[in-house]
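Here come two complexes built around chain A, the first alongside chain B, the second alongside chain C.
Let's turn to the complex of A and B:
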């Protein structure tokens, strides 16, 4: 057993709560954790693995949500192909963004992705009002209709989400150990060197950004179906900020860290918002403190603690 | 004519914010996401001081001073420990401050819109070239021009300006010469925060004071500093006027396309000249 497995165990416990306590109390929370985790896992491919801070992921997330809603509600598509389309549209938009944004790096990249996603947000609220319902959004987004199972029951929908979550985690794990993942790590640690070795840096960055956009699009579509609603606030920069906080809190660049971050974020949202209406400010404070005190997040802390308790075990 | 006045006053307002942003970037290599929140804080503070004292001018003076103290605390407590890390962490910290400052404002002043009025002296309108122009707008133009002139004078001619320029170029060397660079950093951040709040106080009588006002203007300020070239304060002046005029013209001829126009300027700049339209090599402040 090592720290990596310990984290996997913690994640497994969190997501299997509805199995252990099937009274349906926590299932809504776990469903939200599963969906946001898919978003965070995909975001960390760009942020943690490739080292690019994007502040525009809300655009892919929100566009995925709108795609799913419009295709199922207006065009009469089935849920599964519409969810696939949500991922594709999210990925396509990410590809478009990347053509602009990858020309610049570092802080400029963060600013440009922010500006581009804000453009989408403004468009959804004004120009595309016919399509998106403007600030009111679209209510009544459906859930899948498969094998005669009633997915409108949260406990049943949990299994559907769990399947997709495991799939997303597997794919992300494979990407991390694949040549693509290795090349991205090389780019993150030294872009110039990676280019000199012969990697096509921009193309690799574009690929991972697109993959991450697909993750965001799918999770956005899922969230719309979970809460039966899609609105422009899903496209808002605060959504981009949320996913950044989640990933940094949990531990960027690790496979399980982002999921821990999502779990803590969502549990806090659930718990703090019943205690005080100022939970977002408290979240900001926690984020500031944790960024200063533990830059590698909870995952980094667990690894450190584990190595202290178990010296000699492999990290 | 009124379009030009609106554009110029908008540009001056943007310049107050962009100057702080670009000074902070030049000195600390930090993009201050919380700049819009400081601007909003400035507007609320000015509103509060005006309510208590009844004088617009007291608000205009007090708001930047309080915000500068807040800025100094932000830099001391949060940013200083992470200077050695990747710049991304500093940006993220300032993002955290958006949440904290916004919440603090919500707790103190609540959710309702607040309204401020221009001072007695500038509450009327003036006839200019056949159209009537609110004199408060003219005040903003004059005030902004005065502040920017003072800023340039300070940066180019005074000893402090020399230290700031030197320290943003080569902090190690300046430290070796016996200057407390970390104090300069705190000073610059705090000064930038004060400028943002000054912008907020000036904008108070123009727009309703509300929680979202910071974010609406911060995107425009980012666009200004990018077009002007990050860390380039001369570029910031021109870019601020450019964006201000674009906005004003857009509002009078094609209101629904205004945001697109500014974004197109931004994207065009980043593609054609990522270092900014007005950048010159070797100049930092």
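Let's turn to the complex of A and C:
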């Protein structure tokens, strides 16, 4: 057992709550955790692995949601191909963004991605009103129709989401230890050296940004189907901010950390919003305190504690 | 190798100029580097040695002039493209991946050389040829047994050796070494000079170095820079006798 496996175990326990307590009480929350986790896992490939802080991921998330909704509701597509298209459109938009944003780095990169995503947000609410339903959004987004299973039942939909979540986690895990993932870590560690040993830095950054856009597009489509609705709020910068907070809270650059961050964030959102209407502010305060107390997130804290309890074991 | 090939330049720059605003860091520099020779690049601080190296490796933008590698023009190409074309370099300030192990550092350089598109569908550990390349260079630079050590915790001298190892993995025809002995202790310096000799076998090396004894001893040809221009070039003995060089540079020490 090491810290990594401990985190995997914690994640496994969180996501299997609906299996342990099949009364349906918590399944809605776990479903949301699974979907946001797919988003966060993909976001961390850009943020934690490649070291690029994007504030524009809401655009890929929201565009994925609109793509799935429009294709299923207006074009009559089946859910699965529409979900695939949501991922591809999210990825394609990320690729377009990257051509503009990767020219600059650091804070400028964050600001440029923020500006581009706000552009999409404003367009969805105004110019593209005919397509997007404007500020009202589109209600009645469907869920998959597969093998005669009733996925409108949350407990059944859970298994569909769990399958996609595991797939997303495996792919991300593989990318991290692949030559691509290693090259991205090298760029994060020392861009000058990475370029000098022959890595095409910009192309690698564009690749991971696109992959991350696919993750965001798929998860956006899934969220729309979970809540049967898509609106421009999904494109808003606050959505980008949420995923940044989730990943930072959980521990950037780790495979399981972002999922823990999502779980805490979603549980707090669920619980706090029943207590007060100022829940977002309180969540922000908790986030600030936790980044001071745990600069490497929950994952960092677990690794540190584990090394203290079990000295000599590999992290 | 026939004589015609030997006379051909492996690296050539024509009239290159690098300016930062009104300040011309390198100006009017033309030079032909022949295959297999070791060039020592000397000059006082601020003479433009590192800027020239940056201009050759693609890190500094030229305001004028052209650069050729094996008679192919590489002017305007980014550093990674020049690395693929056969131009490796080390830096004055150590540029490694400090939080990774020595082996991982070398493996990264190996994969950067092997793949134009980095695979994402298989763990890097499954690519045995990359690991073999890294192991080979690990022993070439004398760091066998240090593969699992984090690169940041190596001694300064070993980090300098690792830096050369990273450049070697791209199998460069031309190697640019920017002060590989900087800050290295006397006993370690001997080892480092041996390493430079070894890596210069069969390739062209351009070496910036402040230790005159070392430069004069190991270089086939010396290039002296002053105020962004090449002041003189030639064999060590010729350079030592050159009155302009003595006044401008060596004279200060004698």
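The working rule: the second predicted complex is superposed on the first by the 315 of 315 C-alpha atoms of A that agree within 3 Å, B and C clash if a C-alpha of one lies under 4 Å from a C-alpha of the other, contacts with A are read in each partner's own complex, and residues count from 1 in each chain.
As a convention for this text, contacts are C-beta pairs under 8 Å (C-beta built on N, C-alpha and C of every residue); 3 or more make two chains touch, one makes a residue touch a chain.
Bear in mind the structure is a predicted one, so any value in this text is a computation, not a measurement.
Thinking of the overlay built on chain A, is A:107 touched by chain B (first), by chain C (second), by both, or by neither?
A:107 sits against chain B, while chain C stays out of touch.
Using the superposition on chain A described above, determine whether A:183 touches chain B (first), chain C (second), both, or neither.
second
Counting residues of chain A touched by each partner, does chain B or chain C come out ahead?
Per-residue touch count on chain A favours B.
For A:19 in the superposed arrangement: first (chain B), second (chain C), both or neither?
neither
Please indicate which partner A:305 is in contact with in the superposed arrangement: first for chain B, second for chain C, both, or neither.
neither
Now for A:278: first (chain B), second (chain C), both, or neither, which partner does it touch?
first
Pick one for A:167: touches chain B only (first), chain C only (second), both, or neither.
Neither chain B nor chain C is touched by A:167.
Between chain B and chain C, whom does A:118 touch in the aligned arrangement: first, second, both, or neither?
After superposing on A, A:118 lies in contact with chain B but is clear of chain C.
Just checking: does A:139 make contact with chain B only, chain C only, both, or neither of them? Give me first, second, both or neither.
A:139: touches no partner chain.
Common interface residues of chain A with chain B and chain C?
Correct list for chain A: none, the interfaces share no residue.
For the complex, give me every residue of chain A touching chain C.
Chain A reaches chain C through residues 174-175, 177-183, 185-186, 189-190, 192-201, 204, 207, 211.
Spell out the residues on chain B that touch chain A in their complex, using ranges where they run on.
31, 78, 81-82, 85, 87-89, 91-93, 95-100, 102-104, 106-107, 215, 219, 222-223, 226, 230, 256, 259-260, 263, 266-267, 270-271, 274
Given the complex with chain B, which residues does chain A contribute to the contact?
Spelled out, the residues of chain A in touch with chain B are 53, 100, 103-104, 106-108, 110-112, 114-116, 118-119, 122, 126-127, 237, 241, 244-245, 248, 278, 280-285, 287-288, 291-292, 295.
In the complex of these two chains, what residues of chain C are touching chain A?
Those in contact with chain A are residues 57, 59, 78-81, 83-84, 88-89, 91, 95-100, 104, 107-109, 111-113, 115-116, 118-125, 127, 130, 166-167, 169-170.
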